[in-house]
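Both complexes shown next keep subunit A, but they swap its partner, so subunit B is in the first and subunit C is in the second.
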Partner chain A sequence: MKISWWKILSIVLLAYAIVGGLLLPVPELPQLGETIRNLYFHVCMWFAMMILYTFSVVYSIKYLRTSSFKFDIKAKAYADVGTFMGLLGYSTGAIWASYTWADPNNPAYASFGSIMREPKLIGAAMALLIYGAYFVLRSSIIDMDQRARVSAVFNIFSYAMLFPSIWIIPRLLPSLHPGQEGNPALNFNDIDLRMRIVFYPAVIGWTLMGAWITNIKIRTEMIREKNIL
Partner chain B sequence: MKTKLLVFLFLVIGSNLTAQTNSIKNETMADLMRSNGKIYVVVAVVATILIGLIAYMLRVEKKISTLEKDLKK
Partner chain C sequence: MESGIHFRALLKKEFLLDFRQQHSFFGILLYIASTVFVLYLTMGDIEAETWNALFWVTQLFICINAVAKSFLQEAKGRMLYYYTTTSPVVFILSKISYNGILMIVMNVINLILYTALLGNPTSSFWQFLEISLVGSIGLSLVFTLLAAIASKALQQASLMAILGFPIIIPQLLLLVRLSKTAFSEIFKDGAPTQIILLLLALDISVVILAMILYPFLWKD
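Entry: the complex of A and B
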């Protein structure tokens, strides 16, 4: 078995992200405390999601240009793992928010209503639900060529919808979520140097792990569909 | 007879445990795992999960590779 260099890179970077992410010094901020280390895990999920969705839409466009069935398989696999990463990002964010945003004097369900009204959370949920519709659409069309074509077009629409739902609208509305101005976590002025040396490798590591899972999904699908490829 | 044996056993085990806490204090590894609010325990737990995940990924990778090889033949 030959392992590609980028899979080994993913292992190395993830090991560094976890050990360094938990042990290296971080800035001390009120309210956040040690939970600031979640930046290396929660935010990386969203980065990985965005990059995997970008791959997915590229393969969808490639399918529409060539009608080659293997691009459809790739687009589907990338959207699958992208959505998986998005769900992980959403649930880790929910845990993080319940210990930093919620008022400890109130019962959890009292804060829940206001937390769930956060524009960033609603936007992310919308984006994920649109991708959910993509999977529903796929499974509802029996004819293979039609399924590939219609879902490729819908995938482009879903990708376009990511921009208003997770990039634009949340920035126009007040929110507790950081990153109101500029690009959260990418802006060189709002992220500490001590965190950057772990954060960027962590982003690459988690994205490559997502790509690895996708790679295995694609190859499984290629074997399953070997008769028509 | 049985109860007496059990009581005796528990006593022996209990004495062992206190002996352990006394002797462990001097070992460096044990000190590391118990320092800084025991954060290293968290590192060990998360590292175990990561190792498990990677081992699983490598296993699936191997299976797929053999399948691909069989198909080419």
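Entry: the complex of A and C
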């Protein structure tokens, strides 16, 4: 069995992120406490999601340029795994919020309304809804060539509309979520040095893991569609 | 030069179609009237903020219904005819312009009905009218391309809403926010101008994307 270097890198980085993430020192902050370690998992999921969606759009553009069915399979697979990462990002975020944001005096669902109004959550919800719509669109077109072409067009259009909104909405609404100034998690001053040495490797590790899963999906799909490729 | 003639011919065709097949045009008018009437019966007295939110949601649904028809009513044979006679960019631009004009008309009618039935809490009516016109043109731009996409699929009408809602959220938020200027809410200096510029930038990018992407949808 052949394992490429980046798959080994992914395993090493994730092992480091999990062990280091749970054991290395973190800044002690009120409210957050030890839950701050969730940063290595929660934020990485969103990074992985956006990077995988970007790959999906790149393959959609390639499909429109070449009409090669291979690229359509890749675009679909990257969108699939991106959505999976997004759902994981939501669930890790929900666990985190239940310890930090939720009102302890009221039942959890009472805080839900105010938590969902968070700009970052709206942006993430938009991304997931758009790709949900992408899958519905795909399944409602029967002709294969047309399905590939129309969904590629929608993928490019919605991605182009998604990005300005992720940039606009946080500037319109108030937020509890960290990273209010500028782009979340890309600002170097946001994160303590002690956390950065685990955070950046973790981002790369999770993204490579996502790419690995996609890779397997693409290969199985290619085998399934062997006679038309 | 030739594309200019095509553009005018296509635009004229849209209006002629509306004039001859009056059911679709009056269908939307009736849709607006019954929606606002239902709101009037169910809502009673409403505050300015609710009025504003309701207005934009109604506007969104009107837009989906009005714009959806522009591609859904094109028969397959007729699309083939366009394909042989004109270019995709001219075609999509004519659709965009027609839908923009249609939405302006619908917007004015909607606003009149709102004022008549649900009252008018705005402090400066003309300003609200201007903002709503800018907004409805923006909505019609996005939904024109989405209608073109949805027309290729099954269950077109419901697909329009699924495809459109997540994409339209930022524009809708900006519009709801901007229209609060007409309710004499105080803004930071330059904030309304900034929002208007953002909306214009979004509109321009949608038109450019439509011109780039529509040629791919066009081929069958």
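General remarks:
Quick note on the criterion: the second predicted complex is superposed on the first by the 225 of 229 C-alpha atoms of A that agree within 3 Å, B and C clash if a C-alpha of one lies under 4 Å from a C-alpha of the other, contacts with A are read in each partner's own complex, and residues count from 1 in each chain.
Here is the rule we use: a residue touches a chain if its C-beta (ideal position, glycine included) is under 8 Å from a C-beta of that chain, and two chains touch if they have at least 3 such contacts.
Remember, it's a predicted structure, so these values are computed and weren't measured experimentally.
Placing subunit B and subunit C on a common subunit A by superposition gives a fit, with no clash between them. For the three-chain arrangement built by superposition, the Cα-centre angle with subunit A at its corner and subunit B and subunit C at its ends equals 150°, in steps of 10. In the superposed model, A:Ile115 makes contact with neither subunit B nor subunit C. After overlaying the two complexes on the shared chain, residue contacts for A:Met161 are found with subunit C alone; subunit B is out of touch. By the document's definition of touching, neither partner reaches A:Leu32: not subunit B, not subunit C. In the superposition on chain A, A:Ala102 contacts neither subunit B nor subunit C. In the superposition on chain A, A:Ile3 makes contact with subunit B only, not with subunit C.
A simple residue count on subunit A separates subunit B from subunit C, and the partner touching more is C. Contacts of A:Leu24 after superposition on the shared chain: neither subunit B nor subunit C is touched.
Look at A:Val153: by the touch rule set out above, it reaches subunit C but stays clear of subunit B.
Aligning both complexes on chain A leaves subunit B and subunit C separated at their closest CA atoms by 33 Å. Touched by subunit B in one complex and by subunit C in the other is not one residue of subunit A. Those residues of subunit B that touch subunit A in the complex are listed here as 39-40, 42-43, 46-47, 50, 54, 57-58, 60-62, 64-65, 67-68, 71.
Interface residues of subunit A, counted against subunit B in their complex, comprise 1-3, 7, 11, 14-15, 18-19, 22-23, 212-213, 216, 219-220, 223, 226.
Residue ranges on subunit A touching subunit C, taken from their complex, read 64, 122, 125-126, 129-130, 132-133, 136-137, 140-142, 146, 149-150, 152-154, 156-158, 160-162, 164-165, 168-169, 172-173. Residues 142, 145, 149-150, 152-155, 159, 162-163, 165-167, 169-170, 173-174, 177, 198, 201-202, 205-206, 209, 213, 216-217, 219-220 of subunit C touch subunit A in their complex.
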